[in-house]
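Multiple structures are listed underneath, in structure tokens.
Each of the two complexes below includes subunit A, the first together with subunit B, the second together with subunit C.
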Partner chain A sequence: MSDRWKIILLLTPAMSVIVLLFLGGLALGLMRSFNYMPIIGLINPNFDAYLAVFTSSEFYLSFLLTFHIAFTSTAISCVLAIGAALLLRRTFVGRSLINFLFQLNLTVPHLVGAVGILYLFSQSGSFARLANEFGMIERPSDFPALVFDPFAIGIILQYVWKEVPFIGVIVLANMQSLGEDYESVARSLGANKWQSFIHVLLPLIIPGVLSASVIVFAFTFGAFEIPAILGANFPAALPVLAFRKFTDVDLAARPEAMAMAMVIALLSAVMIFFYIRYTRQKFRN
Partner chain B sequence: MTHVSLQELTKVYPGATAPALDRLSLEIASGELTALLGPSGCGKTTTMKMIAGLLPVSSGEINFDGKSILREKPENRNVVMVFQNYLLFPYMSVADNIGFGLKMRKLPKDEIARRVAEILALVRLPDLGARKPKELSGGQQQRVALARALIVQPRVLLLDEPLSNLDAHLRFEMRDLIRNLQQEMGITTIFVTHDQEEAVVLADRIALILDGRLKQYDSAEAFYRRPIDEATARFFGSHNFVGGAVSDGAFDSPLGRIVLPNGIADGPGKLTFRPENLRIGPAAESENRLTATVLSKIYLGTQTRLRVQVGDEVIEVLANPNDATEIAEGETAPISLPAPALWVVR
Partner chain C sequence: MSQRPSTGFRTFRAITTVMMVTWLILPLVPLAIWSFSRSWFFPNVLPSAWSLQGWEYALSDRSGVIDALWLTIGISLGATVLSVLAGVPAGRALGMYNFRGKQFIELLILAPAIVPGIAVVLGIHVVFIWLGLANSIFGVILVHLIPTLPYMVLVMSGIFANYDPAFEAQARSLGASPLKTFWYVTVPAIMPGIIVGALFAFLISWSQYILTLLIGGGRVITLPLLLFNFATSGRNDLTGAISVIYIIPGILILILTARHLSGRSGAVGGFGQI
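Here is the complex of A and B:
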């Protein structure tokens, strides 16, 4: 058997999953977003669902909220992850333990983290009760709204908690493989610690940070479960909005849900494209 | 032009039982080119990093022109270190790499551009400013690293194994370039090497460090003619040692009584002589003349290596091929040990 056939055969199982489940689902969703659903008698494709999505003010509010969640979570996670990696690459007593604790929540599912945030930060949660117990607030309900709030603070908290170690592990591995010699060169050429970080280390680790942050951005932009648990009812994040349309008792709302899903996918792709392009230019120059 | 003084400089790494560098003291004159010579792991690079401020000092003192620099941050010492693997910033152009130090000093852009162009011409790379480091050969990268260091006009230049990554042809070229630039600019320079030939050719003075300790700090010639001990002599390629004792200007040994040069104190020791300084066959002189049995003979092109036996002692000789033509393995031949080439280590 030739090498070419061997490669094709070996790739077939994985490619079947991608082609049938992912691309098949995408094609089906695309057809339905164009109002093509023969099962309920929609056989004339059109742009009605997209029109409905783009003329709805709720869609734009949801888009802004979702972008805010994804962008803010990714930015905060990146900053904290780089800071943590800078500390963890140093040698100090107890470093292994700290490193272990830092990576521990990588194994905890998002849903469990969301429930934890709910228990800790909601107005009936532990922090609200503690603040009330110590007389800092009159009633637990006076505690600032960090969950189900319009600024999605609870959602962002959850994402940051979960994604800092994810980005941190990648950045730390990157820093360890680089070593400290590049920074030593910069220091001996007259750069202070901050200058050597900004002009030398950051441009060197940016490819790793970019790869990790793109994954985080794409995930947080398209994820449904955390905004569904910790988010406000209105405006809802785009995936929640799409899900609501999808589970609408009226099957005729489904093309709109599919149109919204397609728009989410397209927007993610476009934003990631510009994000990578911008950050690469910014840090490489 | 900076006088560098290292006093009892010591480095003990956390968790280590033995010091990586043990009480190193050196006085390096302004504008001098000094080699820190020794095998891997002997503490050479540790010394350089402490001078550059990249490693904290465990104990001891570093003075520049009589003033301690230990409290100065690396960026304020004006000591530039060129690493063995060049470490050019891969995302910057050659010109940006070279101008990096000036940019950190916040010099105007046109001033940086002018000085970068000057130094590029000096290192003979005038047209490569726009290239990225990965587009350069090893030798060109080395020159860029050197230019990046020289452009900031450092008080002290530190070179970590500057020639080790280059092929033989480029080594000669870089060696001359480093030596010429260093003398032209008068920068006090310390370089690390494990190659004694490199140290001899480049340095004004050599500090031999073995196991973290300074063995000898001297001119290259002194290392060949007056090594301080057997380890030093062996590091410089001498393998001939004969036990005995000095008395009244001669060395009593199994070879017989060998006449020594003046100035060697009486007492027990080991007579040492470099293989290339011995005379054999028709070149053998009357002074310290012995009869040897030839054990082996290998023709090396410009020299002939012979192993000969005198009594129980086996001696290595590097002879002129013309002198060794008539000498055959298993036969006897006269050899002489010229007194000026002899030395006694204790």
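Here is the complex of A and C:
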């Protein structure tokens, strides 16, 4: 059997899943967003759903909120993760404990984290009770709204909780495989700690940070259950809004849900472009 | 650079370490406490009455938690087995051969790891209804392959890139059948990759919410669906108990396999999906 046929046979099972389910799902979503679906009798495509979506202020508010959630969570997580990795990379007592907690946290599903954040930060949550204990507030409504709030603080807290260990583990591994030789050279040539971090270490770890951030940004932009638990009713995160439109009793809203799904897909296509740029070598080593 | 850190730095490090440890376990604490509480109203910092009611109800037949647990294990195992069956050959093709269009295939296989499930599943739903796969366990297992397969292939292509096919040729020349060669030569050599890939596949499937909700149509009730329902309906004791049950498999897997995992492997990206 020639290599050509071997490769085709080896790739067939995985490619069928990707082409039929993934690309098929995207293609059908695209068709339905144009209200075109011959198998259920819709044969006249139109742009109504996109017109409805792009002329509604709710969509723009949702989009901005979702972008704010994804961008803020990713940025904060990156900075804290680099800090944590710097702290952890030299041997000291707390290191193996934090390392274990980092990995433990990686296996906890986002949904559990979201419920935990809800119980901690809601207006009758643990922190509100502590504030009351110390006489800072009298009733739950005195406590600042940190969940179901317009700035999505609870959602961002949850993502930061989950993503700092995620990015941190990648950055730490990156730093350990680089070793400290480059920085030692910089230091011996007269750079101070800060200079050797900014000009030597940071440029070396940035590709790893960026490829992890792309995964984080795309995930936080498209996740449903976290904003559904911790988010305000209006404006809702884009995936929540799309889900509501999809399950609306009015079937005419479905193409709008698909149009929003396409917006999310388009944004993640941009993310893939960046991911490829930063991880081109991943498959080969 | 091996001079001893200054006292100021060590104090700073101790404080940040304590803060980090606290923050990492903090959200799990109220969940554990709620699961043992009977009444815990504002402004009590701790429950005013403790009980095992939440746990008793969670473990009883009425709550459906145990059924959901078995169903979730079954679905995740199903998705894992299918991911291994499809991912190992694809990893071999990408790890051992160079061919035209390889970069495009790699891109296609990675894409589902980044595109959020909700963007894909709304379209799939239409066709699954038509095919009779909506509201079925098998349909749910199939959609779980979308996020699980990419990391399986990524892990296996890494393994096969460092794999020497000469061993297979030797076994064949000594008279082993292709099947025997595969079983006694190939499988043992790639086993570490299969284990890591399978664990990621299992955990990624284990954490799926929206794919199960939409394709299962409310008929396929896995643990995360149950957890979400109880969390939004205010049964906090039960929610706490289900949360604890829900995170145990991940912790077990971590303890059993910590030595196989390293941040250096591209597969760690799989944690971003959980």
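Convention: the second predicted complex is superposed on the first by the 261 of 285 C-alpha atoms of A that agree within 3 Å, B and C clash if a C-alpha of one lies under 4 Å from a C-alpha of the other, contacts with A are read in each partner's own complex, and residues count from 1 in each chain.
By our rule, a contact is a pair of C-beta atoms (placed from the backbone, for glycine too) under 8 Å apart; a residue touches a chain by one contact, two chains touch by 3 or more.
All figures in this text were calculated on a predicted structure; none of them were measured in a lab.
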Inquiry  = With both complexes overlaid on chain A, does A:64 touch subunit B (first), subunit C (second), both or neither?
reply    = neither
Message = Is A:187 touching anything from subunit B or subunit C once the two structures are fitted on A? First, second, both or neither.
response = both
Request  = Please work out whether A:203 is in contact with subunit B alone, subunit C alone, both, or neither, and reply first, second, both or neither.
outcome  = first
Task = Mind working out whether A:136 is in touch with subunit B, subunit C, both or neither, as first, second, both or neither?
result = neither
Query = By residue count, is subunit A touched more by subunit B or by subunit C?
reply = C
Ask   = With the two structures laid over each other on chain A, which partner does A:219 touch: subunit B (first), subunit C (second), both, or neither?
value = second
Ask   = In the superposed view, which residues of subunit A touch subunit B and also subunit C?
value = 184, 187, 284
Request  = In the complex, go through subunit C and note every residue touching subunit A.
outcome  = 1, 5, 13-14, 16-18, 20-21, 23-31, 34, 42-45, 85-87, 89-90, 92-95, 97, 99, 105-124, 126-127, 130, 142-143, 145-146, 149, 153-154, 157-158, 161, 203, 206-207, 209-210, 214, 224, 227-228, 231-232, 236, 239, 243, 246-247, 250-251, 253-254, 258, 261-264, 266, 268-269, 271-274
Ask   = For the complex, which residues does subunit A have touching subunit B?
value = 91, 181-182, 184-192, 195, 199-200, 203-204, 284
Query = Can you name the residues of subunit B that touch subunit A in the complex?
reply = 14, 49, 52-54, 73-75, 77-81, 83, 85, 87, 89-91, 100-101, 103-105, 148-149, 152, 158
Inquiry  = Considering only the defined contacts, which subunit A positions touch subunit C in the complex?
reply    = 3-4, 6-7, 9-19, 21-32, 37, 39-40, 83-84, 87, 90, 92, 94, 97-98, 101-113, 115-120, 124-126, 128-130, 132-133, 139-140, 158, 161, 163, 165-166, 169-174, 176-177, 180, 183-184, 187, 211-212, 214-216, 218-219, 221-225, 228-229, 239, 242-243, 246, 257-258, 261-262, 264-265, 268-269, 271-272, 275-276, 279, 282-285
